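Chain naming follows the written order as A, B, C, D, E, F and G, and within any one chain the residues start at number 1.
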Amino acid sequence: MSVDMAVKVLDESVGKIVLIKLKGGKMIRGTLQGFDQHMNLALERAEEVMDDGKSDSLGTLIVRGDNIIMISPPPA
Amino acid sequence: MSVDMAVKVLDESVGKIVLIKLKGGKMIRGTLQGFDQHMNLALERAEEVMDDGKSDSLGTLIVRGDNIIMISPPPA
Amino acid sequence: MSVDMAVKVLDESVGKIVLIKLKGGKMIRGTLQGFDQHMNLALERAEEVMDDGKSDSLGTLIVRGDNIIMISPPPA
Amino acid sequence: MSVDMAVKVLDESVGKIVLIKLKGGKMIRGTLQGFDQHMNLALERAEEVMDDGKSDSLGTLIVRGDNIIMISPPPA
Amino acid sequence: MSVDMAVKVLDESVGKIVLIKLKGGKMIRGTLQGFDQHMNLALERAEEVMDDGKSDSLGTLIVRGDNIIMISPPPA
Amino acid sequence: MSVDMAVKVLDESVGKIVLIKLKGGKMIRGTLQGFDQHMNLALERAEEVMDDGKSDSLGTLIVRGDNIIMISPPPA
Amino acid sequence: MSVDMAVKVLDESVGKIVLIKLKGGKMIRGTLQGFDQHMNLALERAEEVMDDGKSDSLGTLIVRGDNIIMISPPPA
């Protein structure tokens, strides 16, 4: 069993820009500072990405893991 | 009791294309890179599959297990 | 206390066709391959059963236990 | 503290007909075969009880405890 | 920290009539037989209390704790 | 890390009037008798506070912690 | 793995003004007094921030962590 794969992907994304899809449909983009075992994320220079492509700056941000549906790490 | 069956099916699907149905009805298809005990999945070349058969590329993706209803491994 | 009854019923159903009712009302029917302590189920030759009696083939399937309302084992 | 009261009431109901109210409003009636510490129930000769008093036979059934609001044991 | 206060209040209410407010708004009144650490309650001579003050007899009842918003013990 | 801060604030509020906001929007005010590690609260002389400022007496009350959004301790 | 990042960001925010987004859309701003491992927060001089920029004073406040979507610490 590949127990550590999600951790590995997140680990490799630290310091890079990730895209996060939240329950309710909101999209957040920001530089991943760190994460914990609940998938709580710390982001820098975060911004909410609107459907029309516009974005709204949110600065530094802690996102609770239980609100997250999906995380897209940066392209390799 | 067949405790390890879900793990076994997932394990055999690593490196293959799986289809994932999320709460809310979204369908994601991608190559399974790995998973953990929460059924968090790491996918490569993921895409959202629309009702009309079209798809929307999502790249590499971490999907939180608690959003998942069903996972279809590839046909044997 | 009959702690093992749900496990016993599931255990006796392995290799047989079970009917599963999911939250949201969907019905899935398939051959039970195995299960785990979260009631995650592995099914073979699964199909979604529609209200009008028609069915839609889903193949092999992992169903997360927390989406399940009820499981009907095959008649004895 | 009367820690074992719910267990005691369920224990005394094994082999008897219980009425179960599920989240969402559905009512299930059946002979209790057993239960576990999650209040998962195994029922025999279960039937869904409709508002108009009619019932729909469901046979043997496992009901996941987290869908249950209330359980009525048989009158003493 | 007053860790045992909820337990103490429930403990003193055993054998007395309590009023229970459930998620979704339903009100249940009955004689508390016992409870456990999940706040699962066993009630005797329970009845659903309607908004118009009428009530509907439910007999003996197990109420799962996770459906409960508030419990009113009897006036001292 | 200030692990005990929520406990400390609650602890200092025992015997005083607190205002509680529940999921769904209901507001409860009462004298805090005690609490436990789930943030279950025991209140005395509780009352529901309506939007129009009126209140509805509820007497002694146990409120399950998982229904609580926010607790306002009394002004220092 | 950067396990302690969310804790670190919160830790550095104690005594400073944070902005909290709750499930359901409410925004709370206040001086962080402390937090615990459930992300329960103790705030001072809290206020609800309305969409129109107005705010409503809430005083000292305990916010249960499971209602929180995001926390914005103060700009560095």
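Quick notes
By definition in this document, a contact is a pair of C-beta atoms (placed from the backbone, for glycine too) under 8 Å apart; a residue touches a chain by one contact, two chains touch by 3 or more.
Note that the coordinates shown come from a computational prediction; the quantities given were computed from them, not determined experimentally.
Think of each touching pair as a link: the shortest run of links from chain D to chain F has 2 of them. In this assembly, the C-alpha centroid of chain D lies 19 Å from the C-alpha centroid of chain E.
Between the CA-based centres of chain E and chain G the separation comes to 34 Å, rounded to the whole angstrom.
One finds 43 Å separating the Cα centroids of chain A and chain D.
Multi-chain contact residues of chain A, defined as those touching 2 or more other chains: 7, 10, 66. Going from chain E to chain F and on round the loop of contacts, you meet the chains as E, F, G, A, B, C, D.
Interface residues of chain F facing chain E in the complex, by the touch rule stated above, are 7, 10-11, 14, 22, 28, 33-37, 40-42, 58-64, 66-67.
Of all residues in chain F, those touching chain G in their complex are 1-10, 23, 39, 65-66, 68-73, 75-76.
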